[in-house]
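The same subunit A turns up in both complexes below, where it pairs with subunit B and then with subunit C.
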Partner chain A sequence: MKRFALAGNPNCGKTTLFNGLTGSTAHVGNWPGVTVDKKTGTYKKCPEPVEIVDLPGIYSLSPYTPEEVIARNYILDEKPDCIINIVDATNLERNLYLTTQIMEIDVPVVIALNMMDAVEKMGNKIDEKTLEERLGIPVIKISALKETGLKELMERAYQASLTPRKGKTVLESTPLSHLIGDVKIALKGQDVDNPLFHAIKLVENDSIETEMHKDTLPMISEFKETFEDDVFGDDFEALVADARYKYISKNFAPVLSKKQPKFSMTKSDKIDRVLTHKIWGIPIFLAILFLVFHLTFSEDLLYLGAAGVFDKETVAYTMDTNTLVKEADLVEGEHYFDEDGNEVEAVFYNGDFVELAPVPFAYDKAGNKIEAFFDKDGNELTVLTDDKGELLDLYSADGVKYTAFYNADGYKVDLVLNDDGEFEDVEFVSEIDAFLSEISVHTFFGYEESVYSPGVILFNALDTLTGLLSACMSEAMADAPAWASGLVVDGILGGLFSVLSFLPQILLLFLFFSLLEDSGYMARVAFILDRMFRRFGLSGRAFMPMIMGFGCSIPAMTNTRTLADKKERTATVRVIPFFSCSAKLPILTAIAGAIVTKFGVGNADLITYAMYLLGIAVAIASVLIMRSTTMKGEVPPFIMELPAYHIPQFKALMIHLYDKAKHFIKKAFTIILASTIVIWFISHFSWNWGYLEDAEMESSILAGIGGLLQPLFTPLGFGSQLKGFGWVFVVAAITGLIAKENVIATFGTLAACITAGFEANEALGGVDSVVQMIAATGITIPALIAFIAFNMTTIPCFAAVATAKAELGDKKTFRWTLLFWVATSYIVACMIYLIGSWWWTSFIFAALIACAVTMIVLHNKGAKFRFKKVS
Partner chain B sequence: MEWLWYVLLIGGCSAIVVGVVASRIIAKKKGKPSCDCGCSGCSACAYCKQAKEKKENK
Partner chain C sequence: MEKTLDSFEIGDVGTVKRVFAEGQIKRRLFDMGITPGAEVMMRKRAPLGDPIELTVRGYELTLRKTEAACVMMEVAK
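Our next item is the complex of A and B:
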């Protein structure tokens, strides 16, 4: 099978072309450095199948970063049958710089002039025939995005691959040609492959080449001594680069005819004047980030509810005279008619009006309200039971015997009687009916008090569906033993659904991030943050892997290969888990929901946003400490080409979301499902393998393990102070090490059992029961926030730990990294809990931080002083 | 009939847990560790890269 390699500058559309040719769904993004490793796929429309290899983007064949080395090594060592050099036609001159180097290798090359649609849109033209003649290699116009010209490109590439090609250089007519010729002859004598390419690189003093051809170096130095240049002196790298650019601008640039020769600002430039503004750039980024969180998590869209848009005064009507009564005049316990004419009771709490609660009535099958019950003889009954407490046969005033009772909505109900046998309430016969009666349009959209954000609407929809499934399963298992329905409904479904309910919000958040990334804005954010990051010891380049960490830490850690400095890489890998990944989202949202619902504090979107910012703040502080102590080093210069803004590709967005959804669901039905089963079993069996009822869970194996570790977490607020419930938080945090979704899955599995002892355990559904459980444990708000912070900053999931090990290289750095994660999470969570609970402890922490900073500064100054003294 | 519940649930749950754990162990031994990053085996992550390298070395 033939092999064609796709090579080109970063962000020129290689992966888009790769996806177009192979039908793959590899990640594409509108910023340089998305691809950090080679990818392979197959193109089947040539006379024989062709393996397509997508390489990381490179500006030249003299690499600096690890992923550039991958591209260069593949081109030189793997000897593909043809190189398809993708050239961004909107940046022709700069892209051809790499072309002039690829041409020097003894391999067939074709040029794909990509983004021709954008060139034509600007009104420019490229004479590809002339370019082809001057380069001496085939040039084909394509648009990888619109998939035009791909067939012709592959036909020409296939034809080219059938004939061997000798390398050719544009430096032939320059003063360097003799020097290059001499080195080439020397290398040929040593039987070196691609002698022309290696000769030029040796002349350039390329570090990899000088390492590879150490024996030849003295001879080359002799050759070089005969060469003199007034401008560049002995800087041969600059000399060669200058010669290449001069040749390109003289011979190739004229093939481009521009419509507007005079300078004018492009749309991207105009947008950048606002979005990358020196002062407003960062506030705009924070505002955009907040908007994303608001649209995903807010239960009060645009704060319309808080602004009072939906406020209305409660009114009722007296039952005897039907006179209007305002909220302030309602009397506790009194019965009224509401606006729809239904009988209601005024409910108060601590003297304050709460609501007009419907007064329960039973209805007959025809939907008539039953005002009174009668016996067979027509006597009105107030006590509906006989001497043994059994329900009597009840009749209507007309003497018709009731065989069943219904509520106002027509659902079958049982009568609920008080201890005296008097009618008090009705209860649903079917759990499904009970569940369905709770669903209304307000459940999804919440427009009575506020309007929900799109994320909350989607969340409610899925939560309702999973709740219905739980109710159906509960009903189906009505005859099963209690332990069996407990395992299936409360254990497995409770745990699984409490995680799965978050899928819509995760996808929506991802959609927004993908929109920002594909539009080209995220690349700007890296540029905006460079100035700030530089002060902390990182370059703006490190921001791209960090922002990828919002999705998943694993590809983010891999992406650190784009960072040239090893210490910068290590520091970035260590802080990536602090950028809360999608698996941590259920923890944030469920606990934010618990804080809002049970404590009535703040808005869920604000809490979630603040926790994300806390993660970023911890990352910055950690980097600052590392770069001032163990990871000292110069911040490498940050040069990144800002891609033009464009409307994100619908297909690419959908691919992102599909991949994310597939991954999440796969994980839920494998590792999380298995974990919930194990958790249920070890929470329902004691150490002597006796089965435990829900209320006896404190004697379980799980409670035993959690209880053992519980004191460790006391300074963090979720340890011994929670008495019988501290172990719940401890085991949730531990199961989170397998996969972070497990934290909420564990809560979901244990929820029904924990809340059983507190209040009537209604069919609440996954997340609601988690919220109820959190409140039932008696945990405080600072401890809850400390719990989130601990999970956000502690050791990430197993898969991320394995990636960190692979990316960090040596074992010592890896071990320190594990220790760093444990220490950071413990200190941060401890600070949050103590300051949140006792504000004055902030002075103690401030003093400790001041001491630490002083020690670091003095140590660094001392080191400088010692260094000066020695030197 | 309670024995049927025991067989169905205990057996089913054991099968799921053993299946998940075993599939991971087997995949690791075969040099195809499961990828958790959602990269669709595109070798953008350390797992896929290691798997690919092992396959190539064989």
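Our next item is the complex of A and C:
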């Protein structure tokens, strides 16, 4: 099998071409540095199958950035059969700079001239025949996006791969050629592969090469002494780079005939006038970020509900005279008719009118409302039970015996009686019926007061579906032993569904970020924010992996390879988990939702937004501390391309989403499923392996483990002070180490158990399960916020930890990183709980922080501030 | 007239004369096309005043003022 490598500048369409050739689902993005790992796929339309390797995007083969080293080592060591050098035709000069370096290697090369359609659209022309002649390399016009020219490209590449090629350099006609020639001959004498490439790199004083060929150095400096240049002196790196660009502008200016003047306004420039505007740039960025979160999480789209768009007057009529009653005149507990003529009761809360709730009635099979029950003899009954509490035989006024009862919608129901045996309510016989009757247009699109955001609508749709499946399963297993149906419905389905139901919102958030990334806006964000980042000792480039962290920490950590500076990378990897990833989202939404539902305080998306900001603040503080203590170093350079804006490609977006969904579902069905089952087992079995009913959870293994660790979390608000059920929060935080989705999944499983008797068999949504937790434990708002903060900043999921380990390289740094995560989360959560509960503790923290800062500053200033011994 | 790239005003056009940087920064500037003879136009400043955006060799490049200070320019009239 042949092996072809794709090499080219970042953002030149390389990954799009890779997808076009291999039909694979590699990650594509309009973002310099998205591909940091090499990816492989197979192209099948050549005489023999060809393995295509997608190398990281690079501007040069210099030794400074890890991606450049990866690409360079791959080409030199793995010796592909052919290199397909993708050249962005809209940016010919800079793209050919890399070409001039690649062609120096002894490997067949073909040039794929991409984005020719864009060039032609601007009315410009590129003469690819001249290009081909001058470079001595086949040049093929392609459009990676429209997948045109790919077949010809591969045919030419295959042809080229059949004959070996010797490296050629554009430096031949420069004064450097003698020097290079001498070094090349010397290297050839040593039997070095690719002598031309190595010779030029040695002349450039490339650090990798000088390490490799130490013995030739004295000879080279001797050669160099005879060389003189009036502009650069002995700066050979500058000489070589300059010579390459000179060659390109001299030879290829005629190749490109441009209509526009040199510095004309492009479409991108016009967009940038607004998006990177001096005053509006930052507000626009914040607004876009807010809009993304609002569209994903808000239950009140565009605040239409809060603005009163859907406000409706309450219509109620008195029962006796059927006259209209004003809302202010309604009496608590009184019955009225609503506008449809149904009997309703006025419900109040704390003296304020809340709603008109329907009054429950049972119906007979024919759909007639049963106003009263009678015995066989026609006597009206109020107490419907006999002495033993058994339900009596009930008859209608006409003496017909009831065999079954129905509700207004015709679903079969049982009567619910109060302790005195009087009729109180009706209850569904079948859980499926109960579920179906609840579903209405409001379930999906919002109640009268507001309209949901697309994210919430999708969430509700999936939640309804999974809820229905749970109800069906619970019905089907009605006759099975308690432990079996408990395992399936609560343990497996309950846990799994509460995780899966967040998939739509995660995907939507991911879609928005992909849109921003693919359009080229993210690079502008780095441009806007670099000034701020530099203050913290990072470059604007560090922003890219960080913002990716909002999607998932794993690709974000991998992306830190675009940062050249080791210390900057370590600091960035450490704070990436603080940029709350999509898996942590369920924790945020569920707890924020529960705070609003249970305590009636705040606004769910404001709390969510604030928690995201908290994560960012913690990240900033941590970076500041690290960069002024353990990770000191120069601020790395920020010299970066701003890619032209373009409309994101539908296909690439779908590939993004498909990848994300696949990854998430896979995770849900493997790690998360396994851990939910384990948790269900250890929460339903005691230490002596006896099965426990839901209500007996306190004696389970899990409760034991949680109880042991509980005191550790007392300063964080979810430890010993919660007494009985406090271990639940500890256990949830522990299961979060496996995958963050588990935190709420654990709540789902445990809430279904703890609240046994009420809704034990119902698959609880995230918000509901947290509401149940609050009711069971009496946890306070500051403690809940501290719990979110703890989970957001502590050790991320196992997969991310493994990635961090790989990216950080050495074990020592990795161990300190783990400790850093534990310490940060503990301190942050502790601060939130203490200050939230007792405001005056903020003074203590302020004093401690001031001390720490002073100590760091003093330490950095060195010995002169040290106290002198008093003699 | 000669001046460093960081002192360029928006809309100024010039030619690179020399690059004074060292090591990684120098190499990166060269790789991105800031070599003697390259024509550069100052496009804009970021909202916080730094970094700056240039047009060079037909594309948009952003770099910080500290890095731009290493580039000596011949201002075109």
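Criterion: the second predicted complex is superposed on the first by the 799 of 871 C-alpha atoms of A that agree within 3 Å, B and C clash if a C-alpha of one lies under 4 Å from a C-alpha of the other, contacts with A are read in each partner's own complex, and residues count from 1 in each chain.
Rule of thumb we're sticking to: a contact is a pair of C-beta atoms (placed from the backbone, for glycine too) under 8 Å apart; a residue touches a chain by one contact, two chains touch by 3 or more.
Note that this is a predicted model, so its numbers are computed, not measured.
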Examine A:194 and indicate which partner it touches, taking first as subunit B and second as subunit C; both and neither are also allowed.
neither
Does subunit B (first) or subunit C (second) touch A:488, or do both, or does neither?
first
Return first, second, both or neither, reflecting whether A:677 touches subunit B, subunit C, both chains, or no partner chain.
first
Looking at A:663 after the superposition, I want to know if it touches subunit B, subunit C, both of them or none. Which is it: first, second, both, neither?
first
Identify the partner contact of A:721: answer first if only subunit B is touched, second if only subunit C is, both if each is, neither if none is.
neither
Mind working out whether A:532 is in touch with subunit B, subunit C, both or neither, as first, second, both or neither?
second
Which superposed partner A:802 touches (first subunit B, second subunit C, both, neither)
first
For A:501, decide between first (touching subunit B), second (touching subunit C), both and neither.
neither
Give one of first, second, both or neither to describe whether A:558 is in contact with subunit B, with subunit C, with both, or with none.
first
Overlap of the subunit B and subunit C footprints on subunit A, residue-wise?
none
Touching residues (chain side subunit A, partner subunit C) in the complex:
59-60, 62, 64, 90-94, 97, 231, 237-238, 241-242, 245-246, 249, 262-263, 268-269, 272, 276-279, 281-282, 527-528, 530-532, 534, 540, 564, 637-644
Residue numbers of subunit A touching subunit B in their complex, please.
24-27, 35-40, 480-481, 484, 487-488, 492, 552, 554-555, 557-558, 659-660, 662-664, 667, 670-671, 673-674, 677-678, 681, 739, 797-799, 802-803, 806-807
Can you list the subunit C residues touching subunit A in their complex?
13, 18-19, 24-33, 35-39, 41, 43-51, 53, 55, 57-64, 67
Mind pulling up the subunit B residues that touch subunit A in the complex?
2, 5, 9, 13, 16-17, 19-21, 23, 35-40, 42-47, 49-50
